[in-house]
Every structure is written in structure tokens, then in C-alpha cells.
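As written, the chains take the letters A, B, C, D, E and F, and residue 1 is the first residue of each chain.
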Amino acid sequence: MSAVKKTIVVEQLKRAQMNELLVKGKRLDGRGLLDRRDLTVVTNVIEKAEGSARVTLGNTEVIAGVKVNMGTPFPDTPDKGLLVVSAEVLPLASPYAEPGPPDERTIELARVTDRGVRESGMIDVSKLVLVPGKHVYAVFVDVSILNVDGNLFDAVSAATVAAILSTRIPKYEVPAEGGAPVKTDQKMPLPVQTIPVAVTMAKIGEHLIVDPTSEEEAVMDTRITFVSDDRGNICAGQKGLPGSLTLDQVIFAARTAKLKGEEARLILKQGVGSV
Amino acid sequence: MSAVKKTIVVEQLKRAQMNELLVKGKRLDGRGLLDRRDLTVVTNVIEKAEGSARVTLGNTEVIAGVKVNMGTPFPDTPDKGLLVVSAEVLPLASPYAEPGPPDERTIELARVTDRGVRESGMIDVSKLVLVPGKHVYAVFVDVSILNVDGNLFDAVSAATVAAILSTRIPKYEVPAEGGAPVKTDQKMPLPVQTIPVAVTMAKIGEHLIVDPTSEEEAVMDTRITFVSDDRGNICAGQKGLPGSLTLDQVIFAARTAKLKGEEARLILKQGVGSV
Amino acid sequence: MSAVKKTIVVEQLKRAQMNELLVKGKRLDGRGLLDRRDLTVVTNVIEKAEGSARVTLGNTEVIAGVKVNMGTPFPDTPDKGLLVVSAEVLPLASPYAEPGPPDERTIELARVTDRGVRESGMIDVSKLVLVPGKHVYAVFVDVSILNVDGNLFDAVSAATVAAILSTRIPKYEVPAEGGAPVKTDQKMPLPVQTIPVAVTMAKIGEHLIVDPTSEEEAVMDTRITFVSDDRGNICAGQKGLPGSLTLDQVIFAARTAKLKGEEARLILKQGVGSV
Amino acid sequence: MGKAGGDSRSLINEQGLRIDGRKIDELRPVKIEVGILRNADGSAYIEFGKNKIMAAVYGPKEVHPKHSALPDKALLRCRYHMSPFSTEERKNPAPSRREIEISKVMREALEPALMLEDYPRTAIDVFVEVLQSDGGSRCAGISAASVALADAGINMRDLVAACAAGKVAGQVVVDVDDIEDKEGQADLPIAIMPSSNQVTLLQLDGQLNDEEFNKAFNFAVQGCKQVYQLQREALIGKYFGRSEVPEGGQ
Amino acid sequence: MGKAGGDSRSLINEQGLRIDGRKIDELRPVKIEVGILRNADGSAYIEFGKNKIMAAVYGPKEVHPKHSALPDKALLRCRYHMSPFSTEERKNPAPSRREIEISKVMREALEPALMLEDYPRTAIDVFVEVLQSDGGSRCAGISAASVALADAGINMRDLVAACAAGKVAGQVVVDVDDIEDKEGQADLPIAIMPSSNQVTLLQLDGQLNDEEFNKAFNFAVQGCKQVYQLQREALIGKYFGRSEVPEGGQ
Amino acid sequence: MGKAGGDSRSLINEQGLRIDGRKIDELRPVKIEVGILRNADGSAYIEFGKNKIMAAVYGPKEVHPKHSALPDKALLRCRYHMSPFSTEERKNPAPSRREIEISKVMREALEPALMLEDYPRTAIDVFVEVLQSDGGSRCAGISAASVALADAGINMRDLVAACAAGKVAGQVVVDVDDIEDKEGQADLPIAIMPSSNQVTLLQLDGQLNDEEFNKAFNFAVQGCKQVYQLQREALIGKYFGRSEVPEGGQ
């Protein structure tokens, strides 16, 4: 039996075992289907960055840093500051990660995280303008994944949000006589309006489970993420991987994401406040 | 017999068969040696582009679009607008096309097409200047190959020329008080001076044939393209592929290109007018 | 015996043979351990470049060219001109060289050469400023390796230095009314303050030898380069390759580099003067 | 999305009609053609509003390099690409991060409907080229790709039909176009396998409360079902229109 | 290096103390942790002044592509990388020429201490990530990587300890920090195998005369030896602290 | 080409002489050296006007990766490259689209003269480096490469000699230099196998009517024949000058 065939057989056995448990409402690590793993948040871990946060979600560990520059707005949004979210799975994070430019999965991860922050209106980018069309604050959030054990979407989202909450940017002022803005010694927080939280569910067989581990992701059929804000809105969503969901599962997932997002939002607030 | 050897044998048989026909002045699809396949031209197929054309040459099918921006002229030609011709063989065009940056054949294709337009003086680039050295019109022609069945050079050239002929660009005006040019609601055609036409011939054995199909290209020894304008000049030429031509064949090819170019130019004019 | 194993055995034999000689203070080509190969320097070999030099070191042959533009200084050094040293091992230089972007060895080579020039203060970059923060001279030194026979570090360094010494740049002047500097017909040399010289040693077994050939490099354990100026300073250093040196060997290498550098500096001066 | 600002009230007039005259539950005009490219094993062309999109399928075919072949099913590959002239401003032809993400979710939206297990150790390539883009190009591209896969004779469980819903001027509407996407408050593109009501694509940008989400999701599902009818008609038109009866699968 | 200009006199005060209060032969505070990453076969975290650096080791493991495997020893690969948020100005995440050079000399500094011949036809990957950078990040990275290699159980002849010396305000000092590096006159990072006093890394930027070079070299060697003690304590802390006795080698 | 404008009348004076004093049918000074690079299997150096170009040949040699080898002949590869310092403005060392095109037509110009069928499953690499560029660098490069191939002992049917003709100040001239190329109206570079009068390279930029084309083509052919003599002399000089008789072929 070839190594590949053996792998397929092993995977099928694992799926069967997991399904047996899920039918009973249990998971390999003892959690219930909708239980999240422990989430820890520590901010201001990188003093050189304007904001930063280290987040663990079970054994998944990520670090996010925020850097802020002066930038030029896009021509079609002269009255909005810039926000760029990037992610990298560091090669030290997993035996399967490889150095190099981000692959499609990491691009998806960064873009969904970016949309959660952007579409929720977390940062009021209209307040990041110094001279419309010319000088705006440019906020770069870079997230490095340090250890992979499933559910990067929620961990990266939480680190991004916590780093933004912890950010203190240098205040710039436009000289009275005009010209380029000048950095002052004053600091100010980013103009935050809401705290978006991503909640990801894996579908294994007919079960939806919250916050899958790597082991669970290895056998999941599909994955769905919803980001909700603190005003009762869903503001971003993404189904990933082959596989499909029933109409009811989509509605259930959206509702669950809002519910579970509330819990995580509290932890995020505490984590930021605790610094 | 290995697959590769078999391929070589098949190719030799095909060459022999084709040569037999060519000696009789015939081709596999019934054409005479100097007959072009049907050429159709439809313009304004992409409303968002400033100009566009869809061209079929037998089963070869390409689409060209023109976009026009404000740009900065090259330092050594401050009084000339910009013209950039690019081409891509879309992966949907052939089982052998692959996604990715253009390979040497596609670069050659784009550059020869560009030279035909540029060296013929088709567009009077001195009329595309708003503020010398600072603000000029930048004309981008992008050609996508949709289906490959031989003679991309002539099809791409025809689509490029037809798209340029159909182009209506927004008129810009320089404010009286100076500064960057401002887009107006007026439209204007590009300043066209001549209609260049490319005619490509394949050499198979000792025969030169006009407008080769993919099947014919598979066995051709070499390829030669000449572009002529409507004032009796040859304005670009390119021999491609290993293989060689006699001195007489070169002279014959140049003469044939001018002759056959006349026919194609009529079809181009009609195609553009028909819209 | 596989080809790879055979290679290993051959290499071991070669090492043994070389070690036997080194114990007697000799090398395969008859040189003493600290003898450099013949160094020849010819400058102004590329008339279109502002400076150039062709250097041979035994059979190693390189050519360096200097081009000078107007440039914008780095924001943190508004009062300094720009200096960029690049290197390429041309694919014609060796059966092992490949076309493509520089690999880590070539990047190391260029960066160590750059540091030798930069850290010695060879060029007084503060004199390459026309308008602080805005307009400075940008000096590009490009070195192409033409034939590889060991010790590229010293050959590339010598060619770089000789090309800089031979350089005559167009003098620019800032118009009285301000604005971009204007090129004049006058020429001036670069503001040279010292002549740095790189001396590289290979360690084979317990022996340090100056100026290794390719044959010697194939069996060397490690490599160390020191660059010294003409004021008695060491100004750059680099140990390369796996392998290690004793503390005494490091001190010895530094001293030897200064001594041997003196000889090479004379040849460089003569080479430049001879033109 | 331009939720934050934008005078979006004028996007729906007092008669409840949208800028292009559509009702809130009305699709833009759609045209689907099958088998339009000679060389491809299967192909389709779709016009969806101002979207003009070609899809082509090559395969099942040999995989290069061989070690990337899958032992138990076909390797599905997918490229979504926008032509440089397809957008308002010329688009750089190199694939953007957006195109890379869409290529991924498009592949994942199509895969559930394909019986890839029938073609072990082969590859199936799907190429979607946006010649002109309007709002909803990813949905139109998926719908066209699914038809092209059927045209290629790949064994399928169902077609995949895609359509978006969104929120514009405070109201939930189906099939958001370019202006509505830019000025509106939310966009929810989905794809389904209509026979089994299985969702194979779902993305969401912008803010929807519970009620709005449910309504928009339902609108999008209904939109998919209309697209499905058009897909079927196009396929039937090609095969039966020419009085050829298509074999099930290949 | 800012030899040419820079008012560097204030870098050492009248009491002979440096800007952060250190003596000329005093290291910055150093903290080393072992085994901090779950997935890696070995890992370490180092704080060296303001440097915050993680190192991880994967291997020995299979080599892909196979033809790049070595028949007589393990293939050692190394990546030194700076996080985008690790520097004053955001760093582009693509590897710079500087990072490529440092990755090379780092690998060459580690290799002499490893018994790669014990693992033919395999690969050992060393990843060093600078989360926050200060002067001397390459030295701190090497020191952390060596601890991570020990944690991974790779057979070793010795640890590799690294430290720089330099010239600041005309004086030779050990362990140059960021400000001293920018304003100072020379930086001499080295790495040694402390048991055998073998030098495995040496670089020099800036001007030193004979006497200064000898003194700086000696300072750097002494710095390495202090780092070595901290490396050993960290490893002993992990294995003996938990009353586990590490096996020699793997 | 600067057909559109440019006061090109002064490019030919009243005596019919060109800017550098040449007659309309006169080549620039040409110098060819053979075997100038130690490591290469064959090499040549050409000065053609201000062009300074090196060509080197490696092979026949093993092909990597193996599957790109051809079963019935050698794989000919060719790189035309300009040094960064070879041009008026510094040239980016990455290959430009122009260099990629010239590499292709250069390979195709050389291939007809080579008996590649004598070396199945091998590769022959031709590297052409322009150290200083002037008008006609592709022609000079081809001529040098052909000599380098002979020096490498590759079996050949003939040498390949290249030369351009053009139209300057309204007149047809041979061997267009840099200024004439920029200010002139047409450039027609060709390469031939002189023994059989077979054309292996032809490109044309700029406008020529029938008569001019025929005349320019004839001028270029005559130019090639003069270059051919110089190529032969250089090869004879190397082999016979040292009283060694070259073997036919390898």
C-alpha cells in the first residue's frame, strides 16, 4: 500500500472517529461543539511598534504589530486615511510553512481580516486625514503567525483588533504656512468606533464546530467565518475550502458567530485594558 | 518506440504530406499558397475601454482594448505622447498556453506589433502632448489572445490597429493658471496618419505560404513578417524561428506583404466603419 | 561507486596532496603561502562610463564601470551623496555560473566590496551634495565578473577601487534661481580620501594562504577577508563559508591583510596612473 | 462598500426603482452562450449586466509536475483574471491579491459539484477571463465556469449558480451592480447547487443586521435559482437546439 | 556606522558610562528561554537589550527536491528575517539583500558546531525571526539559534555564542546597541565555539587600527563567553529545572 | 528611429560622407579576437565601432533539468545581455523585454548554421555580453557568437555574419551607428550564412519603399560578407597564426 493511500485510509479512520464523538456532542479535546479554546491577549509587546499584541488561541499563537506613516490617499478617496492588513505564516510556525511570498491561503486570511476591520468601520478613516487628497495617516498592521494549531482566522483577527486598540500614534500637525505635516511629541489613539470579532466554524460531516484545531481542520469539509461588530451587525463573511453548507447551516453560523463573538470581545477588551 | 520518437516520425510524415500538396500549389484547408483566411473585425466590443476590437483570422481569435491616461513623457522625448503595446496569450486560448508573465514568444509578438504601429507613424504622438516634458497622453493597447490557430502576428496586429482606429479619448485641457490637465466631457479620436498591416508568411520546404494555421506552423522551417503602411512603405519586419530564407525569398516576402496588406487594410477599414 | 561518492573521494585526495605541499610552504602553482598572483589593472576601458577598470588577478578577470546620475538622498542622510556597488558573475565567466538575479554568494561579494569602499570613507560623500535633502550625486559601481579562477573578493574590490579612481563625473550646477541642478561641460574626479584594499585568505587545514585559486577554494575550510585603508586602519572584514578560525589566526589574518594590502595599493595606483 | 459616507439615498427612487430601472428583486439582463472557444474542451460566455466574461475548461488532462497529481481524484485548478482593459483605470495584468483570493474561492465553489473522483491523477483547469467588469463579476464568472465544465463533459452532481444580494440605500436588493457596490452598504455574493440547496460560495462585505442578513441571503438564493434556469437553457439550447442529445456526464 | 560625522562624544560620559548606563565592557541585559514554540523540533527566544528574537529548528527531515540532498551530511538551511514591525520604519516583508547576507553568514557560523555528518541525506532548517530589532540582532539571533538546535537534539560539538564589540566615541566597547551602531565608528560582530575558542563568524564595519582591532576582538570574545554561560543556564534550566536529564545529542 | 522629426540632413555632408567620415557603403572599424576567456569552451571579443562585446560558448554539456533535453539534437540556449555601464544612462541589470527578444532572434539566427543533430541530448549555451553598446550591437553580438561557436569546436555548416543597413538623411547606408540609428529613418539588421546566401536574421524598424528596401537589403548582405572575411581572418589568425591546424568540426 503506497504512502499516499495509507494517508487516505488514516484520514478516513480519523474522520469516522471524530464523527462518532461529534454525534455525542463531544470533541477530541473534550470541548463542546460550540466551545472556543482559551484565548489570551497581551498588548504592547513590541515597544518599537505604535501598537502590538500577542494572542494565543489554544496552541495557535500570533503576534501583530502596527506601524503608522504619513501617506498619500487613493485618488478616489481623498478624504480617507489608509489601512493595510498583511499576514505571514512564519516558517517557524509549522513543519508545513515555507518561506516566500504569501500563498493563496495566507492572502485569503489577510484579506478577510482586513475586511472585518474595514467593513465594520472599526477605524474612522475619515479622521486620519491631515490635508485632504495629499496627506493622510497610513496604518499598517502586520500579523506574523508564530505557531499553527488551527483557526488562524480568529487568532489573526483578534491580534489585529487588539493591536489596533493598543495603538498610540504620533500626532502630526500641518504648519500654518502649509506644506508637509510635521510630527509632534504628542500621541493619540486611533479613532476606534467598534470592536469587530471573527468567529470561525468548521463543518465535519453534518456538524458545525466553533474554533477548530489543526487536527479538526485536517478532516473538515468546509469552513465558514463571520465577523460581527458590537452594534449587532454582521460585517464580513467568508466560506472557505471545497465542501458546502445547507441554507440553514449558513443562518445558524451567522447567529452563532454573533453570540460567540460577544464572549471573545470581552476577553479582547480585558486584554487591552490589562496593559 | 518512445513517445518522443513517435512524435518526430509523425511530424516527418506530416511535413511530407504538406510538401506534396504545396508542390501542387495547395494547402490542407484548400487555400492557395498566398491566400489569407477569412478576417473579421468588430470594434467597440468593450464599452469601458476607450477603444476595442475583436478580430478573427480563421479560428484564431483575439481582442484588443485601448486605455488612455495622463502620463509623463520620457526625458529624451518631452514632446511625444506615450504608446505601449502589450499582449497575452490567455490560458483559455490553447492547451499549451500557461498562466504567468509573458514568455519570449509573446514578448516578441508584442514588440513586433508595437514596432509596426510605432515605425509606421500610425499615431502622430507629437499631437498627444499637453504640456511638453510634463503632461502627455499615454495610450495603452492590451491584446488578449482568445483562441490560437496560427498566425498570431497578423491577428494581433489587426486587432491593435482596429482598436486604435475605434478609439475615442477624453479631451484634457490645461487650466489657464497652469497645473495638471483636467479631463473634459469632450471626446476625440487618436491622431491617426496611416493604417499599418502585418502580413506573415511561413516557409515550409522551399515554399512561402501566407497566413499559416497552427497545423502549418507545427512543421514550418521559419517565419517572416512584414508590416506595410498605406503609402507604399515597409515599416517593420521580423524573421522568427530557426531556419533561413534565400535572398530572393526575402525580396518576394516583402513584395507579397505589401500586396496582401492592401486587401487586409480594406477589411480593417470596413470593420471599423461598420460599427 | 556513485558519481557523488567519487567526487568526495577525489576531493579528499586533492586536499591531502595540497596539505602535503602546504606543510612545505608551497602551493600547486609554485607560490608561497602569502604570495598574491599577478595583479593587472587597466582603467578607462569603457569610454561611455564615467569610470571603468579591467582587472586580472591570475586567471580571474573582472570589469567595473561607474555611472553617475543626479539622485535624491536618503531621508536620514540628507547631506550625503549616494553610492551603490553591485556585482554579477556573468554566465560566461564559469561553467557553474547561471543567468538570473544574484545569489547569496554574489550578494555577499557585492556587500563586502561596498562596505570596504563605504567604511574606509574612500569617497567623501558629503562633497557629493548639491542641494541638501534634494539633489545629490548618485554613484553606481557595477562589477561584472568575466572569468572565475578564485578570490573574486579581491579582484572585485580592486576593480571597484580602480574604476572609482579613474572616474570623471560631469559637474552639475544649481541655477541661481533655484530648481534642479544643470549638467555642465566641466568634469571633476570623485572626492577620494583613501584607497582601500581587500586581502582574502583561505584556510586549508591549519594553513592560511593569500589569494586562493578556484582549485584551492574547492578544498578550503573557510575564508577571511580584511580591507585596510592607507592610514593604517582595518575598515571591513568578513569571514565566509562554514569552518572556523582560531583567535590567533584572526589576528594574523588582519595583520597580513594590512601588509599585503600595501603591495596591491601600489599596483592599483600605478594602474590608474598608467592610463 | 461605501457605508461610511456616500449620498446613497438616490440609488433607489420614490417608486422603489433602482438607478438602472430595476426592481429590488430583479436581476440585470443575462446572456449565456455555450461552446464559444474552439480549442477549449468546454467553454462559455456570459454577459451579466455590463460584465463580459469568458470561461474555458481544459481537461481532464495529464498533470505536470507529476508529483502534484492526486491519487484519488482530479486536481482542480482555477484562474480568475481581469483583462487590463476591463476596468475604469487600466489594470496591471499581473494577478492582484484580489484575483488570487477570488480564484481560490471560485475553485472551492465549483469543486463540490464536480465528480472529481471519476478522474484520478488528472488535472482540470478552469480559466475565467473578465473582458469587461461590472459589479458581481465573481458570481457571473462562477456561473459561466460551471456551464463550461458541463460543456467539457465533466461528470457533475449539479450546476453551480451564483448571484449576490446587498444593501443599497438602506434596502436589501438582489444582484448589486458596480455603482450600487461602490455606494451601497453591503454585498453578499453566494453560489449554490440549486438541486440540493447547498451553498458553495459565501462572502460578505459590509454591515447587515440579523433581519437584513436573512433577507439578503434569501434574495441571493432566489437570484441563483434564476441564473440556474438561464444556465440550463443555454446548455439545452446548444445541445438540443442542434438536435443532439447530450450524454449524461462525459 | 557614522564615522564621518555625528557628535559621538556624548555616547560615553565623563564617568566612562555609556548612554544606557553600561560600562564599556558590560553586556546589555540578556534573557533566554528554551522550547517556546509547540510545533518546532527545537526553539528558543532571546531578549538582548531591546532585541526580541525567536529561533526555531525543524529537522532532521526529508529534503525536497531530493537531488539537493547531500550524500554525506545534513543540508543546513537558515533564514534570518525581520518582522515588518520590528524596526523604526516599517520594513518591507520581502527579504532584503542585508537579510540574505546575514542568513548566509549565520548558517556558516552555526555549521562548524553541528555534527551534520550524523544525518546524511536530510535537511535541518533554522528560522530566526527578529520581532524587535536593536543593535546586534545577528549575534543575538545566532545565539538563540544555537540554543534552539540544542533543544532540537541535534548532535553538536559545542554551542555557538555570538557578541559584537565596537568603537564608540573613540573607545572600544563590548556589545554595541542601536544608537552606538548608528553613531559609532566601528562594529565587529563575531561568533565563537567557546570550548575550543574557534571563531565561526566575523564581520567588521568601520575603522579600527591594530591596537583597537586587537582590543575589540578580545572584548567580543569575552562577550561571547558571557553569552555562552547564559545559553548553558537556559538549557540546564529547561532540562534539569524540570528534573529531566538531557541525553547527549539526540 | 526618429523618422518623424529630427534634423537628420546633417548626418551626411555635401561630400556624401557620414558624421564619422565614412562613405555610405563603408563599415565602421571592426576588430575580432578569438579565445579570450579561459573558462569558456569557446569565446570571442568584438569591437564594432564603439561596440565592445564578449561572446562565450559552454557545451555541448549535460542538460538540467533532464526532461528539457531534446532526443535528436542539442538544445541551443542564448543570452544577450547589456552591462549596466554599457549605455549612456545606467541600465538596470535585469533582462529587459528588448534583451529577451534579441536573445531569441539571436539564437534563431545562429541555429541554422550549427549541426546540432551531432549532439543529441546535450545543451549548448551562448552568452553575449555587451560591455559597451553602439548601434548594431545585436549584429556584432551574432558575429562574435558565431566565432565563439567555431572556437568551441561545434560542428558548423557555415559561419553566421551579421550587419545592418539603414536609411539616414534620405539615403541608404550600410552599418548604422548609434547616432544614425536614433536620428535616422530605418534600420535593417540581417544575418546570413555567407557560403549559401541564406538569411538567418532579419528585422526592420522604420520606413523603406520598395527600391530603398532592395538597396538596403543588398547593402546589408554586402556588409555581412565583409564581416565574414574578418571572422575568418580572426579564426585563421588564432589557429594558423600559432601554427596549429584546426581540425574540421570538433
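In the analysis below, a contact is a pair of C-beta atoms (placed from the backbone, for glycine too) under 8 Å apart; a residue touches a chain by one contact, two chains touch by 3 or more.
Note that the structure is predicted; figures quoted are calculated from it, not measured.
Engineer: Suppose you hop from subunit B to any chain it touches, then on again the same way; how many hops at least until you reach subunit E?
Structural biologist: The fewest touching-chain steps linking subunit B to subunit E number 3.
Engineer: Suppose chain centres are the mean of their C-alpha atoms. Which chain sits farthest from subunit F?
Structural biologist: Farthest by centroid: A.
Engineer: Please identify the chain with the largest separation between its CA centroid and the CA centroid of subunit B.
Structural biologist: Centroid comparison gives E as the farthest chain from subunit B.
Engineer: Centroid of subunit B to centroid of subunit D, CA atoms only: how many Å?
Structural biologist: 32
Engineer: Taking the mean of the C-alpha atoms as each chain's centre, how many Å separate subunit C from subunit D?
Structural biologist: 58
Engineer: Using mean C-alpha positions as chain centres, tell me how far subunit D is from subunit E in Å, no decimals.
Structural biologist: 52
Engineer: Could you tell me the distance, in whole angstrom, between the mean C-alpha positions of subunit A and subunit C?
Structural biologist: One centre to the other, that is 48 Å.
Engineer: At which residue positions does subunit D touch at least two other chains?
Structural biologist: none
Engineer: Among all residues of subunit A, which ones touch two or more of the remaining chains?
Structural biologist: Residues: none.
Engineer: Based on which chains touch which, is the overall arrangement a line, ring, star, complete graph, or other?
Structural biologist: The chain contacts form a single closed ring, each chain touching exactly two others.
Engineer: Enumerate the ring members one after another: first subunit C, then subunit F, then the rest in ring order.
Structural biologist: Order round the ring from subunit C, first step to subunit F: C, F, B, D, A, E.
Engineer: Looking at the complex, which residues from subunit F come into contact with subunit C?
Structural biologist: It comes out as residues 37-40, 43, 50, 52, 54-56, 58, 61, 79, 81, 83-90, 93-95, 125, 127, 129, 131-133.
Engineer: Can you tell me which positions in subunit E touch subunit C when the two form their complex?
Structural biologist: 1, 3-5, 71-72, 97-98, 100-101, 103-105, 107-108, 111-112, 188, 193, 197-210, 213-214, 217, 221
Engineer: Which residues of subunit B touch subunit D in the complex?
Structural biologist: 45-49, 52, 59, 61, 63-67, 69, 86, 88, 90-95, 99, 101, 140, 142, 144, 146-149
Engineer: Can you name the residues of subunit A that touch subunit D in the complex?
Structural biologist: 2, 4-5, 8, 104-105, 107-108, 110-111, 115, 118-121, 124-126, 222, 224, 226, 229, 232-247, 249-251, 254-255, 258
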